[in-house]
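In what follows, structures are represented as structure tokens.
In the two complexes below, chain A is the common chain; its partner is chain B in one and chain C in the other.
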Partner chain A sequence: MITTQLKYFLSFGIFFSIFSCSDEPVNPQSNYSEILKTETNQVIILTYYDLNEKAGLLSVRCDEFSSNKTQAHLDLMRQLWRDARKPWEQSEGFLFGPVDIQGIDPSIDSWPVNVIDLDAVLASSDPLTKEYLDGLEGTLKGFHTLEYLLFGIDGNKSVQEFTDRQIEYLKACAQSLKGETNKLHTAWISGPSPYGTILKTAGEPSNQVYLSQKSALQELLDGIITIADEVGNGKINDPFVTNNITLEESRFSANSKQDFADNIRSIQNIYFGSTDGNYNLNSLSGLIKTKDAALDSKIINQIQEAITAIINIPGTFTEAISANRAAVQNAQDQVRQLQLILESELKPLFDKL
Partner chain B sequence: MKIQLPRIGPYFIKIAVLSSMLFGSVGLQVLNAQTDSTPLKSESFNQLTQKLDFEAYGIINYHAFNWQLFPDKRNEIDFSQAVIGLDYQISDRWKFTSELEFEHGGTGVALEFDPLEEFGEFEYEVEKGGEIWLEEFNLSYQWFKNHAISFGRVKLPFGLASFYDEPTEYLGTSYNQLENTILPSNWTEFGILVNGKFGKHFNYSLGMVNALDGSGFNSANFIKRGNQRRFETVKIEDIAGVLRLDYEFQKDQLFGISFYSGNSRNNRPKPDLNVNALVSLAEFHTYFKFKTFSIKSMALFGHLQNSELLSLANRNLSNNLNVKRTPVGKQAAGFNAEFALKPLALFTNMNTKELYVFSSFDYFDTHQKTEGSIFNNPRWKRHIWTFGINYFPTKWLVFKSQFENQRLGISEKKFQRTFSMGFAFNFS
Partner chain C sequence: MLQREFWIITFTIGFFLSCTKNEEEPLNVLAGGKTTVFVENSNSFQFPAPNLSIEELEQHRLGDQAFEAIFVTAPATNNSGLGPLFNQSACGSCHPKNGRSVFSENPGDLAGLLFRLSITGKGPHGEPLAVPGFGGQLQTKANLGKPAEANVDYQFKYVNGTFADGELYELRQAIFSLTNSYIPIPGGTLISPRMAPPVFGLGLLEFISESEILKNEDIQDSNGDGISGKANWVWDVQKSSIQLGRFGWKAGQPDLVQQAAAAYNEDMGVTNPLFKIESSTGQRQQDSLKDDPEIDQELLEQTAFYTRSLAVPAPRNQSDPTIQNGKRLFKKIGCEKCHLSSFKTGVSPFLFLSNQSIQPYTDLLLHDMGDALSDGRPDFNASGNEWRTPPLWGIGLTLLVNGHTHFLHDGRARNLQEAILWHEGEAKSSRDQFIKLNKSERSAILKFILSL
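After this line comes the complex of A and B, so read on.
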């Protein structure tokens, strides 16, 4: 009898202790689905939509080029190249998902251009079509091959310098780029499991990619840290410390400063949850503000410092490597400072979410 | 509604063939030779060591590069190979063979910078378990006097390098470039191998092994990187057959042929290719060693079915897979010949230390033919001349040096000149 009473007593005790454990108040801040929705729809998909549209415009103009071989048309194509380059560089803060898994990145942005093989392809008699370019290595297509063809090695290629084969190549290359940007945009919005839905439904039982919302947020954070590292310690550092302009990525178009600034803007876009420079409540910034308002201000400030320092480098980046080394050094320092804050202050805070 | 029946047929055949070879043929012999096995515990330490065969070999090389296409290539020292081999004669008929290889002297993940194929992308080269791996691990059973069956991870009987793979057996600082470029280095696979002799002069090998994984194929190396090493387990959805036949006049004088054939579609990490991709390889080799000189040569031909569709499927592979994703040739072909002289042997009384002077020529093209819209890149047509010296102060130790001039099939920046020297040891 006593033992039976003891059993009941113990059972009650266990029952009570289980329920008292689960009785803790649910943290209202631990549901991040609105943030993930904003980042996906307002930043990532919007950026890829913009990229796809602009790659389409460039492709249309390149198609017209053989019948309209004027300097004005060439200048227009160059501008359209810069326009398309902008959303691409602004997407480099989130180089995860289809762009990585489906191997799309190398087809869009391989660097440097493989001039040796490009000359060999131009010298061959193979028909230059989109399908043919699709089959080539990444270093023979994408943004930088287009840049090389449009601007020339010194950035001053004239209309007369274009051969018929180069025009064929240019057209196919722009079509191939458009094909890739379309594939990328589509992979986020449609198909049996659009990646946008995967990111937005992080933590739901059916989600096999992100088992928790926290892991999705960490993917976003890792993305912006990676690009800060790449700009500071790769894109700026390599040509700068070796004083070697051939290591500068967008040299032919003198677009490097714009590239770097857009890379930092990709950090800003993810951090603000918008692409227009305005702060969105459901964003990483909104989340951090509730945890550590001082850190939030510090990050916003440092993003701006880095962008300003890059833009303020006098002349082109190519010239500045030797003529304005202090300005380049300052830009690099500001980007590295941003990376440091993201890694040493923001990341630990994320780990505690 | 159409009901899809499981594809039991092909699997069943594969399993049946493998099982019957393993348990049928060997099993019968085992039953017949029950008396053959002696329990280990009754043996003394001396008897044990008599049955153990220990071998260790390795090579360290220094390379100085002068490559026109890649002028910034830095000089290197590479601990290319260190192998510990342990064989144990379990009984008169059963033998265990193992080789543990330490590649590049360590474990872990190696960061590669490949400017030639991908023009400047960093890549992590991850090999299973770092770069220490069990190259060979098999049991063999001698079923008749001159015939044995091996199973486990076996050395593939294809080409010259598989038979002359120790640094004291080849004269360059690495194997000949033809094999080194196109075939998996130290090519071993899981499977069953039967080998032996017939007649007075014939040696044969016949095997069934796991096939290659086509996601690793690329422009520069054809099928080399299809040898499955990336994942913890090896896929065996596709099986390859291999056959080798040698006519041996006497020791170290032979010529022979070998064939390899296997699909590379179903061992891919994902089922992302919907056509077959059969890899067919054939080679002819000769080796003649005389007192004062030797000649070694081989010709290799490779064919890949549906290479265009395979290349397009590879292009969509994840960056995380660390594969090249470059367009694969439909046909690869090449030729290699090496002539070596022992100048001291010309004066018989000076032959106490061995000195070899050698010269070799390699020609190969991994884009001998391409398919459909795949660009036939002339850069993959390579001519290589090598001159070198090998000096053996003892038969276990060799000092090597060589100069290699490689010419790529492009019109400018086509020369890649490499000076190498190193030393190798072999204790057995």
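After this line comes the complex of A and C, so read on.
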């Protein structure tokens, strides 16, 4: 879901900066192919690889659950859900390409869960297979349905509460998720027209999607601005302003703070051109460092400020939106500040590339 | 930071960055007037008009959330009311990134392709007559435990042709069939496939004055140029009167609120103040809940406002000599007789839409497009052969935004050239002239259209 305020003022930046730049000196055309290669290979494809691996591990453990129905195994599945969730949230800074145009996102991350229909399926005698779930709406599969099944609506579901049908559904749901993550990873690396190649070859005469490298770089930039906007003005804002915990996306697992922090890490990863927290020369950061080193430092610092503020919210996000509103407000402010810097200071630099 | 303060800072930054003297730069074409943005990536159809006020931006943001909201089966805590029958569960499912839906390679998943149904005759307001047991639209999905109305299958039919310079071309058309219907489909049912179109720039089209549109009508082709142009006149639910139709493939909807309301009701099975009755009423899929309308007028207005206030992407590379030549040829072979480039919006209660000089490349009128494109299903005053000219603005960004180049009302065209070659009826002369052009001239026209 892409809904938030900074996206809207993004348009102001685009509008005004385009008009503003035509009488300014334009930098000579540079070659950004190394940056595009690094971002594609070292961040995007690596993140999707990790997601696919983690979804596989979760699926294996879910398959075993019916023969190993213990609290320890349930705890393990829950941890593996969190582990798989992490690269997914860290991919939300680049929600373009196959995840969108092949309609994969709704199968992975639809919200809310369709509880009425889920109950209807469980009460039916339909065979609960991967193929069956593949044909269902997104709100009946993916991360949030798995979360609902694994944690329960209050996050305290016990092993004894799992029915045989729920276990069958859980297994099929994890297999279906794994199928989607595999599809996503594959779409970037293989087939007649891997999206990784499309992004890396932006601006080449054969590339009909990204007619310029600048267009591809702006895609990356818009991606990180969009997720900053989404976290600050959607994911945090909606439950916080309305004081409505049912609007919190990962409430069942109490994983929201982790989600938000990983979303900001997705910005960091794209900005640094790596997923390990280390700066890569061929990255957005490397590019900006040569043009405005102070701005580069400011962005790096603000990314960290936003992550820290999110992590420092006491307790769960559910508790904090009523019990620690100042901490939530601070986290929201730091994320919004990051978005503001990306939009009002970084984007104009990109427009002049 | 308070939300309002945040926006004020944003505006301030925008104005400091601005340099409006360049608006006069002739090659920076403002296709959407002051609602234009200059963006060339997959978000190109997703920006709010840059001339919205702070309050309007907030309205737009709420509308964005409404547009993206995924509905689920009632009763539910959030987004309740999907179905019992539906085609998709969110506006964004048919209009990905506010753009054009793909023609799915899998008949089991139609994406944004749906089918209007009717039987011969007209209702009291001139509307198509609903099919007993199926209503006015085929719903291919249903809440769990209820049967969908039918599935859709298709087989491709291929048509081959030759350009005047000897180059061969192939056109592809899907021949649809309805299968596994929950009850037999009545004989004589008329079926019209409709592919979901992009939703940006619609506010501007909504506020072109009626007189500006009607002055291009030429129903009897009195000027003898082979192009008629006819307005559709349709039932306005809110006004309880007949009004000019503007939206949809046959201009069957008068405004964006009704367009949104009809989509909620028919596409998602979500009842609303304009259409309070479930689309499944009278069928065995109908639910017994007393929750109608399932969304309120405010949400409906928010959704309509979102489509009303989206920015129009600017054309690109207009100084390219090939594109300039393509533009000249586009006009020369008569494309612009229907795909009108120039309009001015009238006065709108939404100031950001008022008095904007725009280049939508549509006349919002119905034209006979020939038998090959006909759906054989009348829709108010539109015959089976008649379709409303679709706008061309932003069309060249379809591959970047949506990952495909499928065009026309049923998505049959695999690229822009195929879309042109399907043009017949009033557009046959232009189509034939296109066929007679040499390869570089054809390429120039295509490049021009793709630059829009």
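The rule is short, and it goes like this: the second predicted complex is superposed on the first by the 324 of 353 C-alpha atoms of A that agree within 3 Å, B and C clash if a C-alpha of one lies under 4 Å from a C-alpha of the other, contacts with A are read in each partner's own complex, and residues count from 1 in each chain.
In this section, a contact is a pair of C-beta atoms (placed from the backbone, for glycine too) under 8 Å apart; a residue touches a chain by one contact, two chains touch by 3 or more.
Keep in mind it's a predicted model, so treat the numbers as computed, not measured.
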item	value
Partner chain in contact with A:107 - chain B first, chain C second, else both or neither	first
Chain B versus chain C as contact partner of A:336, first or second or both or neither	second
Which superposed partner A:132 touches (first chain B, second chain C, both, neither)	first
First, second, both or neither for A:124, with chain B first and chain C second	both
Which superposed partner A:219 touches (first chain B, second chain C, both, neither)	second
Chain B versus chain C as contact partner of A:96, first or second or both or neither	second
Chain B versus chain C as contact partner of A:211, first or second or both or neither	second
Chain A: partner with more touched residues, chain B or chain C	C
Intersection of the chain A residues that touch chain B with those that touch chain C	100-103, 106, 110-114, 116-117, 120-121, 124, 135, 137-139
Touch list for chain C against partner chain A, complex	1, 3, 6-7, 9-11, 13-15, 17-20, 22-23, 25, 28, 36-43, 46-50, 52, 57-58, 60-61, 64-65, 68, 70, 72-79, 82, 89, 93, 96-97, 102, 108-109, 111, 141, 143-145, 311, 399-400, 402-404
Residue ranges of chain A in contact with chain C within the complex	1-5, 7-20, 22-23, 96-98, 100-103, 106, 110-117, 120-121, 124, 135, 137-139, 208-212, 215-216, 218-219, 222, 226, 233-234, 238, 246-247, 333, 336-337, 340, 344, 348
Touch list for chain A against partner chain B, complex	100-103, 105-107, 110-114, 116-117, 120-121, 124, 126, 129, 131-132, 134-140
Chain B residues touching chain A - in the complex, by the definition given at the top	69, 117-121, 219, 308, 311-312, 315-320, 325-327, 372-379, 410, 412-413
